[in-house]
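Okay, so subunit A shows up in both of these, paired with subunit B first and subunit C after.
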Partner chain A sequence: MPVHFNEMYDGGYVRPPYARLGDWTESMPAELRHLKQAEAEALFRRIGITFAVYGEGGDPDRLIPFDMFPRVFTQAEWRRMDRGIKQRARALNAFLADVYDRAEIVKAGRIPAHLVWRNEAYEPAVAGIRPPRGVYSHIVGIDIVRTGPEDFYVLEDNCRTPSGVSYMLENREIMMRLFPGLFRENRIEPVDGYPEALRRTLASVAPQKCDGEPEIVILTPGPLNSAYYEHSFLADLMGVELVEGQDLFVEGEHVWARTTRGPRRVDVIYRRVDDAFIDPLCFRPESMLGVAGLMDVYRSGGVTIASAPGAGVADDKAVYVFVPEMIRFYLGEEPILQNVPTWQCGKRDELKYVLDHLPELVVKEVHGSGGYGMLVGPASTAEQIARFRERLVSDPGNYIAQPTLSLSTCPTFVEDGVAPRHVDLRPYCLVGERIELVPGGLTRVALTEGSLVVNSSQGGGVKDTWVLAE
Partner chain B sequence: MIVTVEHATTYRYDRPVRGVVQSHRLTPARFDGQTVLAWHVAVSDGTPGGAFRDGAGDWVQSHSAHGPLSEITVTVTGRVDTRDLAGVLRGHRERIPAQAYLRDTAPTRPDKALTSLAREAVVGVEGDLDRAHRLCAAVAEAIAYRPGTTHAHTTAAEALSLGEGVCQDHAHALIAAARSQELPARYVSGYLGSDGDGEAAAEAAHAWAEIWVSGLGWVGFDAANGCCPDERYIRLGSGFDSRSASPIRGIARGEAEESLDVSVSVRAVQQQ
Partner chain C sequence: MLSRTAENLYWIARYMERAEKTARLLEVGARIALMPGGVDGYRNEWDALLRASGTAEGFAEKYGDAVQRNIESFLFFDTDNPSSIAACVGKARENGRVVRTALTTQVWDALNTAFQELKALQRTPRSEVPLSHMVDWTLRHCAQVRGAIEATQLRNDNWDFLHLGYFLERGDNTARLLDVKYFVLLPRIDFVGSGLDNYQWATLLRALSAHRAFHWAYGGDVTAHKIAHFLILNPQCPRSLRTCAQGMSDHLDRLARGYQRSTPVQSHARTLLGELAEMTVEDVFEEGLHEFLTRYIGEVGRIGQLVGEVYLSGDVR
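Now for the complex of A and B:
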């Protein structure tokens, strides 16, 4: 059995950031804990935060389990992550601005041309179009795992529309209601500035043709979307309109929103609708979710779309391998946060290694997300591995493999007390005129003992994430 | 040559629609083979959107009109001074790299028949240019020019199995064949002028393919006419297939049946 880094207990000794949480749990009687847990669940139900999972059936309105045991980082740990995340967000945006312009990084041979040009997420319709401030990915979600006191790895980048930030905000809100004392005893950096920071970021990328205060809207696919709650939650907190495609239309050089007081010009659209659906005139003609003509307005500088169409080419898992190279190429710096070593199954010798070591590796689809279509070798039966091997061999270029990381654990409330469970972290980095990062993020926890899969679709839960002030 | 275009497209709706949005790729971009002398796009109703040049080097402009609307007419008139460059698209400014044009789309996805047609056509042939010529000849031979048997959504594979089609089908089939041989290829829409003699396969609103030839760049191939575009051709714009290269893409808001009426006249006159 590998030894997992426990973020709270180092042998018998409690690591400093968790110092005050030891007493807190030990002094909490089981009845009080059950009471608080029930209270938390009632609060989540009341505010209506639920998460439907694609392709799983079952109750679309089920709650993501909330674990009351917080995850804690010291200021020093966070400072390093903060620098590493911002560095990465800058490099990813520089890469996007480059591949849709002169593509110097491809010409320099620092990334294979076919990974970019033959990538489905490379969007020719936006080539040569420079978005305001050259920013493509305005909200970068970077998934980070930890394997030791000083060892942080980036698992993947999310440059399109990373979801889950509403959980970061709600988890904090609920913890403060349940345990106000904890927030007096610990000096915890606030996260509630996120909605205003997001609004400020979006306002800073208003298009050329916008004069005056930019009008921002959030474009949602509608109530049937699994993240609809988050869309309406953010719109409320930011004080902007939540719209669907049918609420917007193109007229002349601009996009307009239908309102009870007549049409109102829209300058910045934070869209939570995928590229393929945002404009039936440019992309999928059958899409009912988008706005006909939106892409032409965007491309002629009449509106900003966040994230920019085509941003997905930077967060593909095959391109991920080259992010450290992007950091060196565009910023002339060494990466502060490391990538997980990755084998590209499209390469013959790497595929051979992967096939020989399937029981110990994690294999993922290049374009997949949400924990679907992946193999966790150590947690799979011989039969599951054999089945996966067939899929892998039939289309190797569609897969990457990584070692099974010994993810850190954090104490988590379980049926009979507290036990270590594996966690990861998704912070949300905002990129506009400035790069901003709220201290914290969404901690996901694999609630099943020994499980390394933290996705909410696969039995994962969430925790409040603390960054201690100095 | 001076090529003169008069092109009117009328969309009629059997019930009034609430509005129409169109995206136009109706203005030729300059390259060494064509210089625009005069060009005008007029729409019977509505407001023009912002114009821009996209990554493929084409001029794009949208147009939106409020309803209720029973019809809308787009009229193009213009004159272009053209030169025969044997199909080579020299001096055309664009940003999308050729390799991006290796991706398949639904109408250009090759089936077994297309792949083997392409493979057999280039057996023993060296060099991109010769291979492209062979592919063009093979497609011209396999698909006879015959209007009325295919429709707007016919795929390259379907046209090949029918053995007949129009310029759109020839272009799709050639694109599919070229891409299956790892040659980047794209769809071009434009005009083909005639001097009044009425050549068999001449379609005034025309389409052909461009194939990327290393060392030369993009080269046009018109399988419908078994030639490379010359001074009778005006190039409007390109895309991955007929839909993405379409000179007019539009969507009407409302529940109505749309019918289309097109009149086009393209005359090519040798300069005195």
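Now for the complex of A and C:
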């Protein structure tokens, strides 16, 4: 068994940021804890925060389990992450602006051409278009794991439409309601500025043809989408309309919303609909979720789409390997946050290593997300490994492999008390006129003992994430 | 406001009002079940109530004979019945979920709490859910939603679309209930002597939550004339056709003022209101009660359709 870094207990001592939480748990009898847990669940239900899981069927109103034990970072730890995340978000956007323009990085031989041009997420339809301020990915979700006191790794980048930020906000609201005392004793940086920062960011990338205050909307696939709650939550907090494809239409040089007063011009669309569905004339013709003609307006500078179509080419797991190169190439800096060592199964010698070491590796699909279609070697049976091996051999270019990281753990409430469980972190970096990051993020926790899969679609839970003020 | 948002708001109100109507039908049915009288009479009453909710055929198809327990299931729990309380509360909440941003926290909370409690009720053994509980539960939650709307929603166009839904649905419900029982109000039955008639009329008033209000408003003998006046023309009665027409007209006027655009639907509602304000009960009976009600239901339907064309389609420039 590898030794996992426990973020609270360091060889019997309580690490300073968690100092006050020891007393807090000890002074809380089991009955009170169950009462608070029930109260938290009732609050989530009443607010209506739910999460539907694809492929499971059943209850579309399932709750993501909320764990009341907070995860805590010191100001110094956060400062380093803050710099590293912003650096990465800047480099990813520079890469996108480059590959849809002159592709200098490819010409310089710093990233293999096929990873860009033959990437499914590369969108020829937007080549040559420069979006406002050159920003492609306006909301960058960077998943970070920790393996030691000073060891932070980026697990993956999400440049399209990272979800979960509503949990970051609601987890905090609920903790403040349940345990106001904790917030008096600890000086915790607030996260509730996020919606306003997001609105500011979107307004700062209004299109050329917009004069005056830009009209911002959030485009959702609709109430059946698993993240619908989040879409409506953000629209509400930002004070913008939440629209579906059917509410928008293109006429002349602009996109319009159907309102009770007649058509209303739309300038910035924060879309939570995938590229393939946003315009049936340009992408999938059968899509009912998009707006016919949207891409024409986009190309002529009549509307901003956030994130820009084609942004996904930067968050591909095969491209991920080259993000440190991007940072060096575009920014002339050394990466502050490290990548996890990664084997590209498309390379013959690396594939051989992966096949020889499957039981100890994590293997992921290049385009997959949400914890689907992956193999966690140490947690799999010989039979599961054998089956995965067949898939891997038949299409090696579709997979990458990483060592099974010994993810840090954070104390978590379990049936009979408190026990360590593995966690990761997703902060949400906003890129517009400025780059902004609220101090915090979404901590996901693998609730099953020993499990390393934190995805909510795979039974993970969430925690409030604190950054302590100086 | 997005046209789709207006549509969702409008349907939240319609479904909640419909749930309330169904609950009142159940209450009336429960009273009938406690009355002495032949099995046939009881069955006829239930049939009339099912017809009033427009679901008699759906019921017969699924359950056959009108057995009380089945009727309760059908009107309360059965989501195959689009007018059942479970279906209405579910759809109201679903419409609310879609337009969360247009509702205050309290209104959403009221809708969502009703839905969550309903799910708990659905898991409870039927023997532990008496009919009176179903009725009280529904009326309470409908009142909570309406109260939250009154107390917390901004008086903007959201508010108008919610109320348009309420008044349209309510006017339609009153007219349909009256229509099902119109024969007991025909003028040839001038005086109500027999126990059966008395209780038929009481049933009608109860079904419209107007039993006590009626006596406060009129006093003296119960006559067909008075009942028809109360439920059709009296502006004091909260469910009368006149009150509902007034409500529709008021909210359409507010919308037209707010949007600075008069619309055909506004003039349509005004015409209907003008007619009801001028009419006497004699006029109604002269036209024929059934004919009058049929025409009214058609008018309300037309207003609903025009609201759709003018405000909910998003196509009108």
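Assume the second predicted complex is superposed on the first by the 469 of 470 C-alpha atoms of A that agree within 3 Å, B and C clash if a C-alpha of one lies under 4 Å from a C-alpha of the other, contacts with A are read in each partner's own complex, and residues count from 1 in each chain.
Everything that follows uses one rule, which is that a residue touches a chain if its C-beta (ideal position, glycine included) is under 8 Å from a C-beta of that chain, and two chains touch if they have at least 3 such contacts.
Note that this is a predicted model, so its numbers are computed, not measured.
Considered on the superposed subunit A, subunit B and subunit C are sterically compatible, since they fit side by side. After superposition on the shared chain, subunit A has more residues touched by B, the comparison being subunit B against subunit C. Contacts of A:Pro223 after superposition: subunit C is touched, whereas subunit B is not reached.
Residue contacts after overlaying the shared chain place A:Tyr122 against subunit B, while subunit C stays out of touching range. Of the two partner chains placed by the overlay, only subunit C lies in contact with A:Ala235; subunit B stays clear of it. Of the two partner chains placed around the shared chain by superposition, subunit C is the only one that A:Arg45 touches, whereas subunit B remains out of contact. Remark: in the superposition on chain A the angle formed at subunit A by the CA centres of subunit B and subunit C amounts to 90 degrees, rounded in steps of 10. Within the superposed three-chain model, A:Phe413 lies out of touch with both subunit B and subunit C [touch as defined at top]. In the superposed model, A:Val250 makes contact with subunit B only, not with subunit C.
With both structures placed on the common chain, the touch criterion links A:Gly262 to subunit C but leaves subunit B unconnected. Between subunit B and subunit C in the chain A overlay, the least Cα distance found is 9 Å. Common to the subunit B and subunit C interfaces on subunit A is no residue.
Subunit B meets subunit A in the complex at residues 19, 21-23, 47-56, 60-62, 64, 66, 94-97, 99-100, 102-103, 240, 243, 249-251, 253.
Of all the residues in subunit C, the ones that touch subunit A in their complex are 1-6, 94, 97-98, 100-101, 108-109, 112-113, 116, 157, 161, 255, 259, 261, 311-317. Taken together, the subunit A residues at the contact with subunit C in this complex read 45-46, 48, 222-223, 228, 232-233, 235-236, 241-244, 246-247, 257-263. Of all the residues in subunit A, the ones that touch subunit B in their complex are 100-101, 103, 106, 113-114, 117-118, 120, 122, 124-129, 209, 249-253, 280-282, 285, 292-293, 295-297, 299-302.
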